[in-house]
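Okay, so subunit A shows up in both of these, paired with subunit B first and subunit C after.
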Partner chain A sequence: MAEVTASMAGTVLSVLVAPGDRVEAGQDVVILESMKMEVPVQAEQGGIVSEVKVEEGSFVGDGEVLLVLSVES
Partner chain B sequence: MKETWSEELKERIEKIEAGGAPKYHEKLKQQKKLFVRDRLRLLFDDDVQLEDGKFANFMAGDLPADGVVTGIGRIHGQTVCVMANDSTVKAGSWGARTVEKIIRIQETAEKLQVPIIYLVDSAGARITDQIEMFPGRRGAGRIFYNQVKLSGMVPQVCVLFGPSAAGGAYIPAFCDIVIMVDKNASMYLGSPRMAEMVIGEKVTLEQMGGARMHCSVSGCGDVLASSEEEAIAAARRYLSYFPANYLGKPAMAEPKQPSPEARPIAEIVPDHQNSPFDMLELVHSLVDEGTFFEIKALFARELITGFARLNGRVIGVVANQSKVKGGVLFVDSADKAARFITLCDAYQIPLLFLADVPGFMIGTQVERAGIIRHGAKMIAAMSEATVPKISVIVRKAYGAGLYAMAGPAFEPDACLALPTAQIAVMGPEAAVNAVYSNKIAELEEPQRTRFVMEKREEYKKDIDIYRLASELIVDDIVAPERLRDELIARFAAYESKQMTFSKRKHPVYPV
Partner chain C sequence: MSIRKVLVANRGEIACRIMRTCRERGVKTVAVFSDADRDLPFVKMADEAVPIGPPPVAQSYLKVEAILQAAEKTEADSIHPGYGFLSENASFAEQVLKAGLTWIGPKPFTIAQMGDKVTARQTMIEAGVPVVPGSGALSSAEEAVRLAREWGYPVMIKASAGGGGIGMHVCRGEEELRSVFSSVKQKAQAYFGDGKLFLEKWLPRARHVEVQIAADAFGNILHLYERECSVQRRNQKVIEESRSPSIREETRQKLYDAAIRAAKAVNYLGLGTVEFILDESEQFYFLEMNTRLQVEHPVTEAITGFDLVAWQLDVAEGKPFKLKQEEIPLQGHAIEFRLYAEDPVRFYPSPGKLNAFQFPAGDGIRVDAGVEEGNTVSPFYDPMIAKCIVSGCNRMEVLQRSRFTLERFRVEGIRTNLPLLLRILEHPDFVRGHYHTGLIADLKNE
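Showing the complex of A and B:
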């Protein structure tokens, strides 16, 4: 399991993946809006999205979990 | 008789230069570490030229050079002092003579006004010798006192190959730059064993004090190197951007064009103010090819700091990276900037600010972390910098972000704007919401959206960059394709700048 967390506090502008999707390391998975900027958040490692913890419009704090990935060992 | 004496001397020198017992040399190989004298051969143009205190603690028999090599050599032809721990001798620990040797080479660097390099690989103090090496006037504390005194006088470079523990961890802390070898280098006040005993925490050395952690999280490390060779090469490269001391200026190099692969700035910068782009690419399109040397590349990445050459001339670059955290200034990025600006200013390295900043971060988390006092540090350091200072407003420069990036009020030699520049207290979206919040709340759709869009357009006209140039707020508007030539000409013109910020003793640091 691996978590993708918010790099800074902000509002979720869009979630680019859904449960079951395969993501690569470095891929943009969520776009936050903060300080009027679009802030893309990347997956640090590849895996399958097992859970999306936020929805568009949610406020997230720095370090808050956005997605959970299951990582193949 | 005389020949015998020479023979004896030769044998004794050879024994000292061989360092500690063979089993410790074996251990070095296993750890992919080099022997201290091999490190020095890589560091200098041609080996250590002068070595003092080689016979330190000779009478002990098993402590060659007392675990540290101190001496003088040359880097790019420049005389440089060095202190290098020998981890094959009692794990590079400090005895009384180790400390005395380190103090003396620092004093030499001060007298000669030349850079000093610390090659650190040490377990820390020898507890058994503590009375002789720890508390006194020429005890280990004196090393740090001297470092503080040398700071801003001569460049101090630390390359960390192994541990730098407890008090020893302050050697890197007082250096201008810390280069750490991944997997082997570490810094910590208390070891994992001590952390478990004293506070009950179970943690690995790599998590708590490893090179990668310090270069990306704590900010104690500046450059993460994948091998000792790479770390030593980085130290040599770093010094190529520096004069020997604060009175000199960095040497010019052969001018080079930017990388032919770099795209034009107009293509790199998106029209939309809120979309991220890679500021590093813009830096590469401005500076001489292959000359950008990034400092703290893995730490507080929303702000880029590094040395480069512009038509052969050394400059320090401070640039907002909208690709990371929107380029917003945070606690760590403000600290990173403050330190880098101070470093450049100390050694007569002109500063180039590339502004594309939505401001300082807001919200509970950063307020609790003291964003105001950290931001103040950056603004203070930037204000005090008297080296040639140019700010380029690449895109937006909002709020205190404008101030921190050497905005017009902070005595830049020039504040230039690209045609894409937008200077304001805040962006159009935030400003319209702030000014007309009641009115917006009263309106129904579609009037509401229409009203907001109209007001945003009005606001944009109000902060139009030509209007700001007309008001003499920016000194010039420069086409992106002309920016490099403009900067080359300006830094050349500002070469003779003479400026004293103040005659007072020192400011009260906002820390």
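Showing the complex of A and C:
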């Protein structure tokens, strides 16, 4: 399991993936908005999205878990 | 008519700035604030403060009804919009006037005319003010591609209703232009409620120079010199100075003339700024007109000794200017540094709690801050938390004093662009006063 966390406090502008999707390391998975700027959050490693913890419009703190990936060993 | 109580429809440093002048004139002040801002200095500084809603701007600082209700409840007689938020919203200005209040700003018609960049360009062309080679409103991505082929790349695609560096994109080739067209359009629709786009030729190694103008209700139009605003990141200004250290005297005069012609063409009233872009040979073109007080107005205050907010209040009260153009003072030099709550390398926002926020004071040092130690910098608003304006007899003295001053800022708990500001101060191009809008990008690549 691996978690993708927020790189800064902000509002979730869009969630680009859904449970079951395969993501690559470095792929943009969520777009956060803070201080009038959009910042994409990337998955640090590849895997399958097992859970999306946030929805569009919700507010997240710095380091909060956005989604959970199951990582193939 | 005299102004007795001003509601400031803004937040942070500019709200404090406006209230300071009001207080000096014996004018009462009303702050409006969102739930995120209740502990900020501007709320405490006001004679009265009215909560207007939750943190998101659409539910607070852009909520016209809530602001007008606050004015009615507190019996404010005037509204000062500051910059950003509703300051360039013609419909808000109209509603303020309709409510029988004084609007401290230009006429709503002028705001609308200059707020739509396609209309503004057309107006300037008719007035004989040179504009950046560009298009009218684009009907499709195909039209943009066809024009760009004719002019050559790079080109800049822009939202007609845009501003503040949002809703624009530099395209270096056809593929990029096609691929960003719809996203810029969507963003323009989302941010400004108007998806109209236009295309401009993008000028490399350009300089941004703007002229401060002031117009009273009696047909007097003055300029208060120019500001050099070429140090930018993401098309937003970081450092501004007055006067420009690089342009030729001859160009300076031409810019003043063009700015006054621009102001005349729209029958301007109040304080405003005409922005120009200059190419390497100092050919200049009108970019846009900002129908409000500018963030960087303090550098003009430093070299003229004027209080520009006081000028705005005087014009709103219907007073004529007492000075003629040749009587406008000019003393020394001034530079403004914008302190942003952001990572100095990637420019990502860095909200959080200000565990420490201290800065020096002294001759030639002015700090306009919107926060104090212990405050939380919220993620809902612009990352600019303070401005540091340094002035002195000449530019060399200002550069030395700036370094001394910035090194003595202590900000803890969030990241700021202070390290970047100090690096720019040491950049040879900045030191010799000849730089263009690519300065920060060049610094990053070094």
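Convention: the second predicted complex is superposed on the first by the 73 of 73 C-alpha atoms of A that agree within 3 Å, B and C clash if a C-alpha of one lies under 4 Å from a C-alpha of the other, contacts with A are read in each partner's own complex, and residues count from 1 in each chain.
Keep this in mind: a residue touches a chain if its C-beta (ideal position, glycine included) is under 8 Å from a C-beta of that chain, and two chains touch if they have at least 3 such contacts.
Values in this document were obtained by computation on a predicted structure and should not be read as measured data.
Asks: May I ask you to decide whether A:56 touches subunit B, subunit C, both, or neither, giving the answer as first, second, both or neither?
Replies: neither
Asks: Thinking of the overlay built on chain A, is A:7 touched by subunit B (first), by subunit C (second), by both, or by neither?
Replies: Touch status of A:7: both partners.
Asks: For A:40, using the defined touch cut-off, is the partner it touches subunit B, subunit C, both, or neither? Pick first, second, both or neither.
Replies: Once the two structures are laid over each other on A, A:40 reaches subunit B alone.
Asks: Touching subunit B and also subunit C: which subunit A residues?
Replies: Subunit A residues touching both partners: 7-9, 34-37, 39, 62.
Asks: For the complex, which residues does subunit B have touching subunit A?
Replies: Against subunit A, the touching part of subunit B is residues 274-276, 322-328, 330, 358-359, 361-366, 427, 429-430.
Asks: Can you list the subunit C residues touching subunit A in their complex?
Replies: Answer in residue numbers: 56, 166, 234, 341-342, 347-352, 379-383.
Asks: Can you check the complex and tell me which residues of subunit A touch subunit C?
Replies: Listed in rising order, the residues of subunit A that touch subunit C are 7-11, 34-37, 39, 62.
Asks: Taking the touch rule as given, give the residues of subunit A at its contact with subunit B in the complex, in rising order.
Replies: That would be residues 7-9, 34-40, 61-62 of subunit A.
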